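In the two complexes that follow, chain A is the common piece, with chain B as its partner first and chain C second.
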Partner chain A sequence: MELNPLKESNDYKYYELFIGPNHPGIEGNFSYVLKMKGHSVEEVTPDPGLLHRGFEKLMERRLWTQNLALIPRICVPEPDINEVAYCLGVEHMMGIEVPKRAQYIRVIVLELARMASFLFGMSGLGGTTGHYTSVQWLIGDRDYILDLFEWLTGARVYHIYQYPGGVKNDLPDGWLDKLSDFLDYLEKRLPEYDKFIFQNPIIQKRTVGLGYIPAEDAIENGLTGPNLRASGVMYDIRKAQPYLVYNEVDFEIPKTGDGDAFSRVLQRRLELSESIKILRQCIKQIPQGPHRTKVPNPFQFRVPKGSYYSKVESSRGEFGYYIVSDGDVKPYRVYVRGPSYSIGLYYATKALVGMRIEDVPVWIHTTDMCPPDFDR
Partner chain B sequence: MADILDEIKSMDLKASWLGDWEFEVLTPRDRLASILSYLKSKGFKAFMGLSCVDWIEEGNFELVYILQSYDLALEAIVKTKIPRQRPVIESMGTIWKLCEVYEREMHEFFGIEFTGNPNLKPFFLENWLDIPPLRKDFDTLAFSEELFEFKEDETHGIESPKRIE
Partner chain C sequence: MGSQDIEKKNGFAPIVGLKYLFKKPHTVRYPKEDLEVFPISGNSPNYRGFHTNDLEKCIGCGNCARICPTDAVTMVESGDVKVANKFAKIVRPVFDYGRCCFCAQCVDVCPTGSLQMSRDYIHSFHPDLSVPVADEPEIVSKDFIWRADKKRSENPGYVRNESNKFDKVINFERIEPKKTDPDKRKISFSKYVQIYSKAEASKEASRCLGCGVCVEACPNELHIPEYINAISKQNPEESLEWIYKRNPLPLICGEVCTHQCEEACVVGIQGEPLAIRWLKTFSASNVDDYLKTSKITLPKFNGKKLAAIGGGPASLAFGYYARLLGYDVTIYEAEEKLGGALMWGIPVYRLPKDEMMKDINAILSTGINVRLKTKVGKDVKFEDLMNSCDAVFVGVGNSKPMTLKIKGEELEGVMQGLTFMHMVNDGSLKDLKGKKIVVVGGGNVAMDVARSSVRLGADVTIVYRRRIEDMPADPEEIEDAREEGVKIVEMGVPAEIKGEKSAQAFEYAVASLVKDPSGGRPKPVVDEKSPHVTLSVDYVIAAIGQTPSIDFIPTDIQQKIGFDGRFVPVDEYGRTKFKGLFCGGDASNSRQDIISAIGSGMRATKGVELYLAKEERNV
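Right, the complex of A and B next:
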């Protein structure tokens, strides 16, 4: 995409501006072309494609289990969520029962991944509002989660830990104690976050009342996850359509319900507390037993004919995998429904109109969109 | 919860459960718009995604509309088939405006024409040279071999890659 040159005729009243792909206010290699009039946005054109890697085509050429190395790369901040969504779909189509212990381990991994992603997202808000302390603090705390992942899986970001039928390795000795220590630490930190992010007058001034999304708009435009709940629709897949062992743990859906940028960040902060609650229960309740069931050899791993749409509540909303099999050793088609697709490529073109230029990155970060999941 | 499925079946459409929380509806293409509006009026207000499957041996494209109801906590997956030779279907942008963005993507990756969609310009791929890339007859290896020159002098004695069947 190219910018249109300025014309003498319109007296330089309108100009076009790229926001992204190299901008601290955008998440990932993606850009909006904004048609500006002075300070305010007149028209928004999303320009994806800089990150397109053709995952859906690549998956058709690989074995069912080989795809597990590819899938985490779809969204950088939440790789585990992709792995679990894919495995849930494959297991449902093959009729594999996952052992209880593996399900608990998956919930622990999912909640840790959500927490890491929330911390990452909230730190991004600091970058756009010039509040750099929060960037360093939150990224620092996220690193403790990555340390835990490194111990568990051997990798910090892309874990490739899930496998149809369970997880690859059991929890190492002492890992749960370390997790418990980390939760204690994080709980002590949360009041500090509240003080310097949520009670900070600058952050409040920049986010309160910005980019209000009414509940009907949120539903109509396909918003999911914390963005939907911040608008007052209390829908969480973990509660409404429980998968894994989410029906055995007790947690609340926090209600903020204002629908502005501040409440979207607050929603994430409150859900972080709920994740801690879920993790504490999992540490207590996790049973002994096998961590995976026996599945066929990867070269004979055939999924019966059919299709299924599996989904997982990620930190951004509904991550869905529509999987089609024709009974072969490779998937016939895999379609990835990224949670940021509707808000990033469609709703932003409506919501950003009329906004001032300095609010655009703040709006983008409070919706916590992840361009890799729609530019897949 | 099961009522909705019975109602759909009474309309002479094939419908079945895919899992605990989702069902599929198979519809001919001329009834697609009416069944989508019917489901929207029944609470499936959120449009979650549009996918396409290339059934090359049958000679069909299968369009898959994924809808979500927050009140019923159910997912509806509506499928319809169109011939591969003449892939044209009406745009569902009148029911969900959001649908037009998904249609633009499917137009780019499968070459399906959505009549009534005002914006079917290239989206993710710029200056694309070949047939739409997610079609089953698109050969990625042949495409890159044709497009990029393989230089013998840079191989350091390693032979060019052979196709793995």
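Right, the complex of A and C next:
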């Protein structure tokens, strides 16, 4: 996209500004073209394409289980959510019953992924507000989660750990103890985060009252996840339509309220505490037993004709996979509903209007959008 | 701390961060220090790093290359590698780490477990995997922490080994077909192995990896992965269409084939091989009209006449494929029924006669002439056939039994295996209750004789000159025979049959086995010191092999084609050295099973085509 030249007037300078991957304030390889009037934004045009890899077409050309190596890459900060959503859909269509232990392991992995993603997202806020110490703290603590993942799955980021019918290997000996230790550590850290980040006058000044999203707007624009809940709509798929074993664990949806940038971050912080609660229950409740059921091998893996929409509550909202099968060894069509597309692609064009230029990165990071999940 | 407390603005709160000035950082000074998360220092015990492949264990099936989502694996020829078994290919995988995404799917589908992933991830050094840690260049050893005292290749990361093989994606356990109990089946001649149900067949077929190593093992190279794939899709018709391309006797082969394919099956290396034979039975028995299902259109006759001598599988296959090319074929059979060894040699509990006739009738319905009870050489002269037909195919099989060459063989009650089976099959032998029978030999015929005798009420002992594991019979035949109460004497070399008029006692010497230096089966050796054992018997049945009987061919032609009493030498298209004479089946190939006979018949039609085309050009 070409930028229009500057247009001078007596009062303001009108100009177009490209805010893209070269700017540290944007998430991922996404870009907006902002039409500026002086310091404030007049018009926003999302400029996707830099990240496009054609995932949905690629999936049609690969075997059902080959896709498991591909889909974690749809959303880099939380690959497990993609794997689980895809596996849930495939299992439902094939009528496979997943063993209880595997379901618990999945919940543990999902909640760990959610925590890692929250920490990563909140550290982004530190970057945009100039609060660089919080970036180092949060990323450092996230790395302990990645260590746990590496031990469990053999890789740090792209775990490729889920498999239709369960998970690839059982929990290693001593892994749950290590997880328990980590949760103790993180719980000790949280009050320090609160003091250091949330009670910090600078961060409050930058975020409180910024980018207010009314509840009606949020519903109308299809926002999900913490962004929706921060506006006061208490909708969580884990509660509304419990999948896996979420109905066997006790947790609450925290209420923060008014839908500004600060409450969105606070919502994530409080949900982090709930995740710790869920994980502690899982460690206690996880049953013994098999960790996967037998399914046909990858070359003979056929999913019966039909379609299904499976969804998982990710750290950003509803992650959905609409899977269509014609009974062959490859999917006929896989459509991915990323949670960030509603806010990053559509709602951003409304919300950013009238905002000052320095607030744009703050707004982007408090919505915790992940461009790879809509520019795929 | 509640949400209200967190929201409170406090200018002094961030000062808490100052104390971290005096704390240790999150990061470690690698490689001097390392993460303490893992029980083994370095990286995770099942880390997905670079691949290691045990080249001698690898059989080159190429499943890793087929599963790779990023096409990072290429199979390249590596000629100097030692192969694990006779079916192994000489291609080995090569990895392009520019493409590899380290998903480990190749490790999951490796049927031998030879392919593993190491904990090595520093690509830029690219060290030699066979070098021990101590001998590594400093730059490598400095930057990489290993499990102590181990070589790189022994320092694995993500692996799929024997202990966790059931965790992974290949299904190693076979779905066994339902079998009648040994106690029940040994009193009746009815078939005791049930055909798979549709669900069972589809489940068993879905174990196939589709690599096609079995295809090279099959003497007639059937389209095995394709037809198993069709069964997995629950489509027996499509499956039969694939089978029928190279095998016009699907049901017969399904029941009694020697299934080399199952020996080659890669799933069998760590688990149980696919039941390829039973799957073939499933698709053949679920299809009524073979020809219609396989969409065969018969061409018009091209005016050329062919004769096939013998009514066994070789001639039937020859007739069928020659008819598809438009030839007018006549089969000459000496007995009153077609089928040859299938009809007279194989007992009905293994191959019911109605199943056999289903296959044969499908072939005959293409328009092949059959002349039963016509013995070439007696009813029709061989020379007349050679003159009246454009080409003659000899598929007579082996009907001249080998003899024991011991004293007392001429006594009454001493029989040949095939003669005995003929009597069982034509119904002239009905009852052997309380009789004691000794069967000499360890092949499939010996098993058939022994198990048929058990069904007729006899007490059976098999005497074989080597060990049980050296027997040429199918392992499941041996196991089933023992379940039915057949006793097997190992390392027994027949010495003498005693008796006045009929056989009364059978004496054998217990041999000692001498290792064969060339790697073959061990040789039984009998000397003066060997102990002798005598069994009292009513019948002694020798099932130690047969040789072809082609007496109807004039001796000068026999000499010309180089017949040595055991084999008729032929080229790959079944051509003998005599113009217009083709040979196939047991007489010309050493494997002597049905599927090789079908293969030889099929190749002979190609030979006939080549021969007649050449003849025409010369005219």
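We take it that the second predicted complex is superposed on the first by the 370 of 376 C-alpha atoms of A that agree within 3 Å, B and C clash if a C-alpha of one lies under 4 Å from a C-alpha of the other, contacts with A are read in each partner's own complex, and residues count from 1 in each chain.
The rule we apply is simple: a residue touches a chain if its C-beta (ideal position, glycine included) is under 8 Å from a C-beta of that chain, and two chains touch if they have at least 3 such contacts.
None of the values given here were measured: they were computed from a predicted structure.
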| item | value |
| --- | --- |
| Touched partner set for A:Asp177, first chain B, second chain C, both or neither | neither |
| Winner by number of chain A residues touched, once chain B and chain C are compared | C |
| Which superposed partner A:Val233 touches (first chain B, second chain C, both, neither) | first |
| Partner chain(s) touched by A:Asp143 [first = chain B, second = chain C, both, neither] | second |
| Partner chain in contact with A:Lys294 - chain B first, chain C second, else both or neither | second |
| Partner chain in contact with A:Tyr332 - chain B first, chain C second, else both or neither | first |
| Which of chain B and chain C A:Gly222 touches, first, second, both or neither | first |
| Touching partner for A:Val324 - first (chain B), second (chain C), both, neither | first |
| On chain A, the residue positions that both chain B and chain C contact, one per complex | none |
| List of chain B residues in touch with chain A within their complex | 18-22, 24, 45-49, 51, 53-54, 64, 66, 68, 70, 73, 75, 77, 96-98, 101-102, 123-126, 133-134, 138, 140 |
| Touch list for chain A against partner chain C, complex | 62-63, 65-70, 133, 136-137, 140-141, 143-144, 147-148, 150-151, 153-155, 158, 160, 163, 168-170, 172, 174, 178, 190-192, 194-196, 198-201, 204, 254-256, 262, 266, 269-270, 291-292, 294-302, 327 |
| Residue ranges of chain A in contact with chain B within the complex | 1, 48-49, 52, 54, 56-57, 61, 92, 219-222, 224, 233, 235, 240-241, 307-309, 311, 318, 320, 322, 324, 332-333, 335, 337, 341-342, 345-347, 375 |
| Chain C - residues contacting chain A, complex | 1, 3, 5-11, 13-14, 16-17, 20, 25-27, 35, 37-39, 43-48, 63, 66-67, 69-70, 101-105, 108-109, 117, 157-158, 164, 167-171, 205-210, 229, 232-233 |
